[in-house]
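What follows is a pair of complexes built around subunit A, which joins subunit B in one and subunit C in the other.
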Partner chain A sequence: MKFRSKIIDIGCLNNFTRVVTTISKLTKTCVLRLTPDNLYFVLSGKVSNGGVAMWCELAQANFFEEFQLEGVSVEANEICLELAPDNLSRAMKTAQNAKAVKIKLTKKHCPCLTIAAELPTMSSVSRVVTHDIPVDVIPRRLWNDFKEPSMPDFDVSIYMPPLKIMKNVVDRMKNLSNFLVIEANMNGEMNLKIETDLVSVTTHFKDLGNPPWGGDGSQTGAASQRDLETMVQVRVDIRKLQQFLMGQQFNPSKAMCNIVQNTILHLILLYEDVSLQYFIPAVA
Partner chain B sequence: MPLSTQSQDSDAQYILVASLDNVRNISNILKAITFKDHAIFSATPNGLKVTVEDSKCLQANAFIQADIFQEFTIKGDSVGFQVNLTVLLDCLTIFGGSTVPGVSTALRMCYMGYGYPLTLFLEEGGVVTVCKINTQEPEEPIDFDFCSSNVTNKVILQSESLKEAFSELDMTSEVLQITMSPNQPYFRLSTFGNSGNAHYDYPKDSDMMELFQCTQTQTNRYKMSLLKPSTKALALSCKVSVRTDSRGFLSLQYLVRNDDGQICFVEYFCCPDEEVRDD
Partner chain C sequence: MDCVVTGGNVKVLAKAIHSLSRIGDELYLEPQEDGLTLRSVNSSRSAYACFLFSPLFFSRYAIPDGHGFRCKVAIKSVQAVFRSLATLEKTVEKCHIELDGEKSRLTFTLHCKHGLLKTHNLSFQDSESLQAVFDKDASTNVLKAQPRLLADTVLNFPPSLEEVTVTVSDERVWFRNYVDQDAEPSKAMLTELCLSADEFDHFAVKAQSSVTFCLKELRGLLVFAESTGLPISMYFDGPGSPVVLSVTDSVLDTNFVLATLSDESAVRQQNPKRAGTPLPPLDDFMNDELESYLIAMDTSMAPGPSFRSLLFGSVYPTGSPLSNLTVAGQKVLASDSEEDPEGV
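And then the complex of A and B:
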């Protein structure tokens, strides 16, 4: 099992740092899955984290100058590591203006992801800052837990309103209620609703547009057969939605939201070649 | 449910309708009196008065005149109800209460009458939020019976000068002592804290002193914990009038200028701290 990689370009470094910081805001621990072509940050929907699941996919070629990977075996050429993304985020922050950053898997007192940042210097002696982040290597028999989640057969798919506006609204609603109902239709309308003994609040967004799925034939089922105006809703823990809106630093080019009636809220952010999916389960 | 189409046909059923282009003109002033959840609203054709009280010793009133609103329609002489002020403020600032120039939230506030919720329609950038806040039976505000004929001492100060003093007040002191006198020290704020006593004196001919009308020497103590919420009003205001009456009751009146340069008033009444004697 071997992994060594290198980032040189400052733009790539910044983007990678931003992705890692976003992940660190969304979860305390996650799994980093490395394959010859991609990196994945994965959180599987366990009861212990309230059923929230996350899947973030990056093409290594867009970030790394060098990327050498030797997986656990020839037929399973992958490595799965559990780590605290906050550690990685802090290490990347100290490497902000590095000339080069090397990330490799090392064996110290325990398995570590070692981040070595070569910082600019005035003299001929180079300065290198090294962070060792302890990781757990996940054995192959558990890999099944970290497979890409299948796209739910959603009832409605809609583009999200500007995330900043949505964050403001959700922040205030969180002061008033623990749960939020999010509903949308295929006519580009989305409502956020809370209701308590003291107050009921509904925010109406319109003209959001609905993403044209179905080109690949996978998502033509439920959504297209529905009446355009019919609202599909899901009730979620408002803190989980707030965490997602607070944490994201993507400034995504596209943000989409899929809803399976009373089952799941599926959020997708796209930024260049990075995609982040976030699943929030419904509460009764 | 856009604001424009929603409002016209259904207006008739409301006994109170108030609209505002910039919600900050009301949310800011309400923040200045937010120290308890319950707020008593009383509307008259002159405008809106919002009252908040604490421990029967402190009362804050915010006055928002009818002409602050772009529309202010009331059926009858007065309309009263009580709502949770914290909830109302969260609703008013649902879009984040942006201070960016050119971005403002429009508000339309409607009330159908006893037993109905207070309905707010808020709009910013084409996004509409509808809030229905449950109302309660209005309590009768305490009458502090503070009338200008009983006022013994009065000063009007630029808020700037009092802000400085209040930001440096020794909060470990249980009371704030206010001395007003026609002779020295004229106007004095005193604290008695863990690290000693402190006095702030304002000369009567200071630039900051707009008016000085003290007829007799008066020294009264007020609970610091009661006066603390008034610093929110002070922070917003440009002028403040400090008055005491013959019983030692304190009246603080703040003149607040909103984003559009209009003037509103916030008023605090506070009972003096009576020393209990053990006989």
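And then the complex of A and C:
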């Protein structure tokens, strides 16, 4: 099992740091899955993390100058590591103006993901800072837990309003209630609602547009046959949604939201070739 | 005592107070012939800081005749005088420090723009002299650096980090985060930064050594050094004997004396490869051999006491006549004061 990679371009470095920082805001630990072509940050929906799941996919070629991977075996050419994304984020932040950053798997006091950054100095010799992030190597028999989640057969799919505005609304609503009802229809309308004994608040968004999933086989079912105006709703833990809105540093080019009635809220952010999916389960 | 600070020096004084507030809860004030000293020590007496402002720092400097006067005040109340550094710089033209022996009040008067006067009357307590005994000129290793270099170095470590280990060789310095023995090693991220001697203004290492001390006070001193743009010198010997951080200029002399972790084996044990000699080559960045890291494994179980004290007193063997005095007298002991005629 070997992994060694290198980032040189400052733009790539910034983007990668932004992705990692976003992940670190969403979860304390996650799984980093490395394949010859992609990196994935995965959080599987376990009860211990409130059923929230995350899937973030990056094409390595867009970030790394060098990317060498020797997986567990020839037929399973992958490496799965559990780590604290906050450590990775902190390490990457210290390397923001580095001439080069190497990320490699090393064996030190324990298995580590080592981030070595070569920082520019006034003198002729570069300054080198290394961060050893302890990781747990995940055995192959557990890999099944970290496969890409299948796209739920949603009832409604809609583009989200500007995330900043949505965040402001959700932040205010959080002061009033612990749960939020998010509802949307195929006519580009979305409502955010809270209901308590004392007060009911609803924020309406319209003309948001609905993503065309048509060509994509499995998704044609429920959504298209439904009446355009019918609202589909899901009730979620407001903190989970707030965390998602607060943490993201993507400035996504596209932000979408899929709802399965009373089951799950599925959020998708796209930025260039990075995609982040976030699943929040419904609460009764 | 009657002294006046004007112009940019007010900010220097304010920054000094802020730096001292990171050390202890009390400010020891002592006007002397050679200037005004401000000192502080932390509750465990493992960190001591002293600022000496020479009479030239002030536009007026008069001290009481006769026997030396000294007092201590709560540092929070002095900090309150210089609370907002930003507005201080813009508005305060002059700061007048006066001692009223009759009423037992220490008065800070800030003369601001538009004739505004802000007067703070602080109560004080008489105190013994607070004086750490150290001889930085006898140190084996001396490093001098611009505050920027050290600030950039410290930035690589998380704000929550308490102690840092500094290791020096003939031509390099390593900064590492110190991980507590009790902490689970597989959870902590280890950060290491290597600086070459070229980056220092002055680099004199007579013996390879490794010291671990608290970052908090260094951060405090850095705030001061960065605002004044003065280089920081670091004097140290080895584990257990204090490290002295010093900032000097023609009108001020600042020394921070910090205890270091005395149990060297604890440091080695915690991180056998990194702390020991031989030190890794600088071109480690170019060296990608995974095998080179394998040596580091499996040696971490060596038994050793996790004794850890940052008290100055701990540098003396138990039973030494001096070991009791740290507590008894109002003095802070540091370094080899047995040889020092001015000792306790």
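The definition used in the following text is that the second predicted complex is superposed on the first by the 284 of 284 C-alpha atoms of A that agree within 3 Å, B and C clash if a C-alpha of one lies under 4 Å from a C-alpha of the other, contacts with A are read in each partner's own complex, and residues count from 1 in each chain.
Simple rule for what comes next: a residue touches a chain if its C-beta (ideal position, glycine included) is under 8 Å from a C-beta of that chain, and two chains touch if they have at least 3 such contacts.
Predicted model only: the values in this text are computed from it and were never measured.
On the superposed subunit A, the two partners subunit B and subunit C both fit, without a clash.
In the superposition on chain A, A:S48 contacts neither subunit B nor subunit C. Number of subunit A residues touched is higher for C, counting subunit B against subunit C. Once the two complexes are laid over each other on the shared chain, residue contacts for A:N87 go to subunit C alone; subunit B is not touched. The superposition-derived angle at subunit A (between subunit B and subunit C) is 70°, Cα centres, a multiple of 10. Judged by the touch definition given at the top, the superposed model places A:V169 against subunit B, while subunit C stays out of reach. In the superposed model, A:F205 makes contact with subunit B only, not with subunit C. Look at A:P161: by the touch rule set out above, it reaches subunit B but stays clear of subunit C. Once both complexes are placed on a shared chain A, the shortest Cα to Cα gap between subunit B and subunit C comes to 7 Å. On subunit A, the surface touched by subunit B in one complex and the surface touched by subunit C in the other have no residue in common.
Across the complex, subunit A is touched by residues 155-156, 158, 185-196, 198-199, 271, 273, 282, 284-285, 288, 290, 293-294, 296-297, 300 of subunit C. Put simply, subunit A touches subunit B in their complex at residues 161, 165, 168-169, 171-173, 175-176, 197-207.
Against subunit A, the residues of subunit B that register as touching in their complex are 1, 84, 86-87, 90-91, 93-96, 117, 124-134.
Against subunit C, in their complex, subunit A makes its touches with residues 2, 4, 84, 87, 90-91, 94, 102, 104-110, 112, 116, 118, 121-134.
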